[in-house]
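Several structures are given next for inspection.
Next come two complexes built around chain A: one with chain B, the other with chain C.
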Partner chain A sequence: MNSRRAVFLVTLVALGFLTVVLRLVDLMILEHDWLSQRAYRQHVRSETVAAPRGTIYDARMRELAVNRRVQSVFGVPKEIRNPGQMAGRLSRVLGLKKTALAERLSDRDKGFVWLARKVDEDTVRAIQAMNLAPEIGFVPETKRTYPKGRLASHVIGFVDIDNRGTEGIERIFEDVLRGESGRVMKGRDALGQALSSGEDNAQTGHDLVLTLDEDLQYIVEDALNEAVEHHRARGGVSVMMDPYTGRVLAMAVNPTFSPEHRARPENWRNRAVTDVYEPGSTFKAILAAAALEEKRVRVSDRFDCSEGVIEVGGRRIHDHKRLGVLTFEEVVQKSSNVGMVKVAQILGSETYFRYITAFGFGEKTGLTVSGEVKGLLKAPKNWSGSSIGAMAVGYEVAVTPIQVLNAYAAIANGGVLMRPYIVSDVLDSEGRVVKRFEPEAVRRVISERTSRILTEILETVVQDGGTAVNASVLGNRVAGKTGTSRKIDRQTGRYSRTRYYSSFVGYVPSQNPKLAMIVVIDEPKGSIYGGEVAAPVFRKIAEHALIYLNIPREDTGHVVLVSG
Partner chain B sequence: MPRARKKRIPSPAFLLKPVAVSLIIAGSLSLIWMKTRVMEVRYEIAELEQQRVQLLNVQKDLLSQKSQFSSPARIAMRASRLGLTVPDRENVYLVKYQSRVVAVANHSKKEAGTPRL
Partner chain C sequence: MKLPEFDRGILLSAVILVATGIFMVYSATAVMAMRSEGGDFTFLARHLVSVGVGLLALLVFMFMDYRHLRKLSIVLLVGAFALLLLVFVPGLGVSANGARRWIRMWPSTFQPSELAKLAVVVFMADYACRPFGARATPGMNAAHAIRRKMEHPVTGFLIPLGVLFLIQGVLIVQPDFGAFMSIGILGMSMLFLAGVRLKYFLMLLPVGVPLMVYLLQAPYRLRRVTAFLDPWKDAHGSGYQLVQSLLSFGNGGLFGTGLGEGRQKLFFLPEPHTDFIFSMIGEELGFVRVLPVVVLFFYILYRGYRISGQVPDPFGQLLALGVTLMLAVQALFHMAVTTGLLPTKGLPLPFVSYGGSSLLVSLAATGILLSVSRHRESLGAAVRRPDFRRPRPRDHRAGYKNL
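Right after this comes the complex of A and B.
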């Protein structure tokens, strides 16, 4: 009996062992691959990691566009039993309509719906306090923020909700700034607790260093906004540049916009490069440069402007008053239309056109900001009989403010047209320079001698007897030219008698210029003349900028402190 | 001479089993202990990594706030509240430091260039 019982027990144990062995064979050999994959999925969770966008800095490495970690709220409709009630609770916190939320949460086929993207910390805390997991959850995201607010918003641009560049530098340099999203493998235990946060392979976008200087940008924007407000103008543009290198130091446009709370898309345009206007008298410097370079006129040549009017191709061009007989220098100083038409007639249309194109009009400057246009410039074969007269005084040609400024920068630097640039460096995430943009000379336009003579002439514009006394800067000589041009009335197709562009473009200190600058005010009310509207803005900006840049007055120089 | 009675030394073989068992038990316990420690350390590392990420995010936020606070518009606003204004150009003198040697040399050059009566 005992032996039978023993055999039974041994058999039972043996069967037990056999079962275990068979199960082990099943688990370890037959189902090994499937089970190991399942275990891996259970213990290692793969997550997509968005690559942070590169930072945009000003020339002194001050942040103009950065990223901030935020949370986005999502819902899992198929887990939600009462969408109406859930929507009611969330609508108060998220500030969204209950019906819209309920609609989103009611689609029980969906396992994921966005409820609110990139919400602030307080909202996150409020929802977390409601303890709504797993029906409601959070996804960490990065939000592009612009710590300087509206500053340089037309240049920097902005991104959409998915951090894709939509305007400005953000759009132009999207490929550089964006970076590559990656994945991270996070180890977890059986309870889902994190064992390691893993290493992600996301590649941070490259950083950009602009040529803009935050302080100069503020000085320019502040003065421009004040002038636009003071003259009840439609808007304005002001750009500051280093004439020797083409580095854009400041670029301001009014109306402004906030890149984070943007409204009115018509205000997003960077009008310094997208909008054209007829430059009026500021264009006379181009004609003067051409005439001097071709030696068709001398500074002392005299022009009879006593009639105060001249007829060209059946069109009468007037001076604002009878100016008498003027030297060439005085023609420019007093901005005589009659005198300049006579100079253009001496020079001839072909030669004039050659210089206009050489100064970069009719082509894009190549500045890396969005929406640059090349303007409108007719070839001489398409000119009417009056075109030579109109173009002598800056009409029948449409230019951008940056083109005019760049041409004046060429006059200022000794005659070389530079390619303006606004991005100086591309840096990797470690701060190493990946690409550097260097100053680039496009072509020599006029000789140094012509540049020097023309600078002396343009200095007289800002002195007593000139049209831009209001642009003079205490302690430093300024060279420049005013412009007052009529706008086309879109309804009649004729030049308006009430709507004008007032502008001033110049450089300072004129003999060794550190800054070239243009100010264009669109439709000022009351006073309309460039010398009264734009020139004071130039002075205000120049005086502050020269102090900021530690450029001494020519009359006092530096105060020398002796040590040691 | 009577043969000295040899003292019987007990064979160490009887110790082998308990020692081996002890070693196996100790080894197993050590392995379990090490495994537990490794797990503990992994939890600690994960927590620290999480903290590091959080602190980096805080640092980014603080840098962003610092940039906001140092924006020229904000500084100008604060300055105007305090009654500060940008000085006129006539009130600004730019100062350059120069060593005595350079200053004397410059002065001598000026003197040499000045026509004497």
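Right after this comes the complex of A and C.
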């Protein structure tokens, strides 16, 4: 053996080992920091853990919006050898188009694509049975569900696929309900399977307690929907409120929608706050309140309405029939346009306008539901010669149902305009009250005396000779006012002769009001008068609600017991 | 005069490495085995069987006179060659990842290329020591004849080269590029040591370079070969394996993540129990404990070199250094590949990696080396002692040690 050559070879190999050692020093000591960081990044995946969204309860802690644990299906295109075949197997189970699935699964660069979000348990089981891991996997998610279905859907709203509130309370209180999503560090292997997971620090969202009462809501919705259907109307709104506190007890809108299977976005609007209408005769109570408060009229003052028509600024305003000479009380009771115009002329536009704004028109009530508008209210300097006449009978002013109801609630409670509210408590996950919304007085609008007098006048509306005898409630006195207002024809820009808003707004029991309520029916067919269309709805709701609330009958003092 | 004892340093090194391998194989495969076969001891159990068989082979060769191997050299070579061909027999050959490198052998598989390495070493050592034509030329002694033979272009170079190429040809068809390279290097080293003229090696270049170019034409091979230069450029593609290996070492740092605590074996690191076991040792045991692994191989290299210088007969010299290089070069390649010094190629780490064939052959080679080591001349004794079959010393202490 050539020993020099042996030395040469052995030295060569030894130098090789030395190089390896130097390389190890380089990798394991000098480059340790960034290599280990890089390794950490692939070993551990930081995942966002969505915080469970807060529950929405009604006033009696019944669940209106809750979370359900569901699974979402994802694919790992990197792992999928045959996207077409995989798509074929999944398309039937998921009910998705095979071609669309195959396309998503074909992007071999991707390690993650959603295939179906929040699928039901049967689907999950069917896919699990196919044993497709690691190509197909599941992610637990929470799905917002509304156990009461369509109930109060316009108020509660809904969330998008990522559980972000997009409408209603869900949207307005998004920050409160959402909670703080946490992060969890999950160890994983190269196949993407999680091996271990650390503690997540997700903060559950806060719960909301609404002022709504599920039973009252049901009563109101039921009656409203029935009326809309019966009168073949386009829709309707009905809101019930506690006049002393401003608590909204029920808020129903038709057409309805299901928050989990929603279509037709035009039905999602909470029309009680988003849509304006001309209030018509229901507005006369505002004028009456102003005139009484300013002491410009007395109840017994007489107004000659025998001509049945009055001309204001070149426009003629009619009564529906000649009513003769009426007292102020009768003007309101019989809803005489002629009489009210005369009252408005006595009061003057500036003063009238002051009261209109004092009752909250032309500004948002601040109710925490989505999409509230403030309506349209012209300042006197913009009024035309005929405006005082139109305003006297509830035209040339666009209001929301909630504004009208809130103004009547002020009349009902002795003259104080309250801020209506619909969320009463914010609770943390342990049920402790984080924030409580208290009744808030906006301003005193009229004196208690005026309130009392006006209530007596409004009681006559529901009595014989009034326009709303159909609103009378068994055993309790009702104060209220009907309204029948023409809609503006979109095409001609003029008042339609065939399309109306029929409304009734009032409170009961009138001497000690527990409920204030408005019913607005949009475009009833056949009968159009508020007294015939909306007033019966008011009665139906009020009778059920008073029984439900155990409010004794004024006449006998008996509590009508709920049967069944 | 009493014979020197076998080299206990080498034996100890081998045993330490095998023991390390047992722990690391278990650590590397526990998760894998659980996921695929239902029991996390599956790989360990097979590995332990291999260790047992390997140690048996070590003992057999250790106590056998290495000179018997001369008679076996041709048989060994032809046998290894036949086994290499068996890989292509349907039903016997086992293919994986597009390569046919294994033959079915109950209860496991056998990789004949590992045996071929040993066979080439033994054959070359024997061939280089056969005095062809010594009898034909009167007056010429055997040593002279051998030297003349080895310096002759045909008998010294072309014939053994032909044998080598024959084996390499089979390996390239399998294909097993790693074995192709290591057997080539091993064979060339043996010829180099045997005294083949350097100019012949240089004449090989015009043949070898185009051949390499041709072989690298397969695009996937070229990419894999060049990826090691900058693995981060395509960390998810051609550079993936090396990137994962480098991350393992980097993640291990000075003291490692702890035995069993490595994360890279969780399917990030390809073949953590065989081709990348060194990376895993780096990750789990850290620099302070991976360094001794390198040192152990270096020590084996050093001891093997010393032994080859101390045995009197040329065959023993060549054989000792041949098997030493076989072990050391393989270890070096494995380490260089996993640390990104050489293109990524699947090579097991002798003694440590899972895989019965490699383990068996490595331990057998160690046995041969130990057998040679028993025939070292005593320090300072220049007297040739051809008669190794002297009776063993009856000295109680020595006998005890020989056990």
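The rule we apply is simple: the second predicted complex is superposed on the first by the 493 of 564 C-alpha atoms of A that agree within 3 Å, B and C clash if a C-alpha of one lies under 4 Å from a C-alpha of the other, contacts with A are read in each partner's own complex, and residues count from 1 in each chain.
One rule holds for everything that comes next: contacts are C-beta pairs under 8 Å (C-beta built on N, C-alpha and C of every residue); 3 or more make two chains touch, one makes a residue touch a chain.
Keep in mind the model is a prediction, meaning the values are calculated, not measured.
J.: Which partner does A:525 contact after superposing on A: first (chain B), second (chain C), both, neither?
T.: neither
J.: Quick one: is A:222 in contact with chain B, with chain C, with both, or with neither? Answer first, second, both or neither.
T.: first
J.: Under the stated touch criterion, which partner chain does A:43 make contact with: chain B (first), chain C (second), both, or neither?
T.: Once the two structures are laid over each other on A, A:43 reaches chain C alone.
J.: Which partner does A:544 contact after superposing on A: first (chain B), second (chain C), both, neither?
T.: A:544 sits against chain B, while chain C stays out of touch.
J.: After the superposition on A, what does A:68 contact: first (chain B), second (chain C), both or neither?
T.: first
J.: In the overlaid three-chain picture, which partner chain does A:149 touch, first (chain B) or second (chain C), both, or neither?
T.: After superposing on A, A:149 lies in contact with chain B but is clear of chain C.
J.: Can A:552 be said to touch chain B (first), chain C (second), both, or neither?
T.: first
J.: Using the superposition on chain A as set up above, list the residues of chain A that contact both chain B and chain C.
T.: In chain A, residues 187, 189, 195 are touched by chain B and also by chain C.
J.: Of all residues in chain C, which touch chain A in the complex?
T.: 31, 189, 192-195, 246-254, 263-264, 266-268, 282, 286-287, 290-291, 294, 297-298, 301-302, 305, 308-309, 314, 317-318, 321, 325, 328-329, 332, 335-336, 339-341
J.: Going by the contact rule set out above, which residues of chain A touch chain C in the complex?
T.: So the residues of chain A touching chain C come out as 1-3, 5-6, 9-10, 13-14, 16-17, 19-21, 23-25, 27-29, 31-32, 34-36, 38-40, 42-43, 187-191, 195.
J.: Which stretch or stretches of chain B touch chain A in the complex?
T.: 39, 42-43, 45-47, 49-50, 53, 57, 60-61, 63-65, 67-68, 70-73, 76, 86-90, 92-101, 103
J.: Sort out for me which residues of chain A touch chain B in the complex.
T.: So the residues of chain A in touch with chain B come to 62-63, 66-69, 145, 147-151, 187, 189, 193-197, 214-215, 217-218, 222, 473-475, 543-544, 546-547, 550-553, 556-564.
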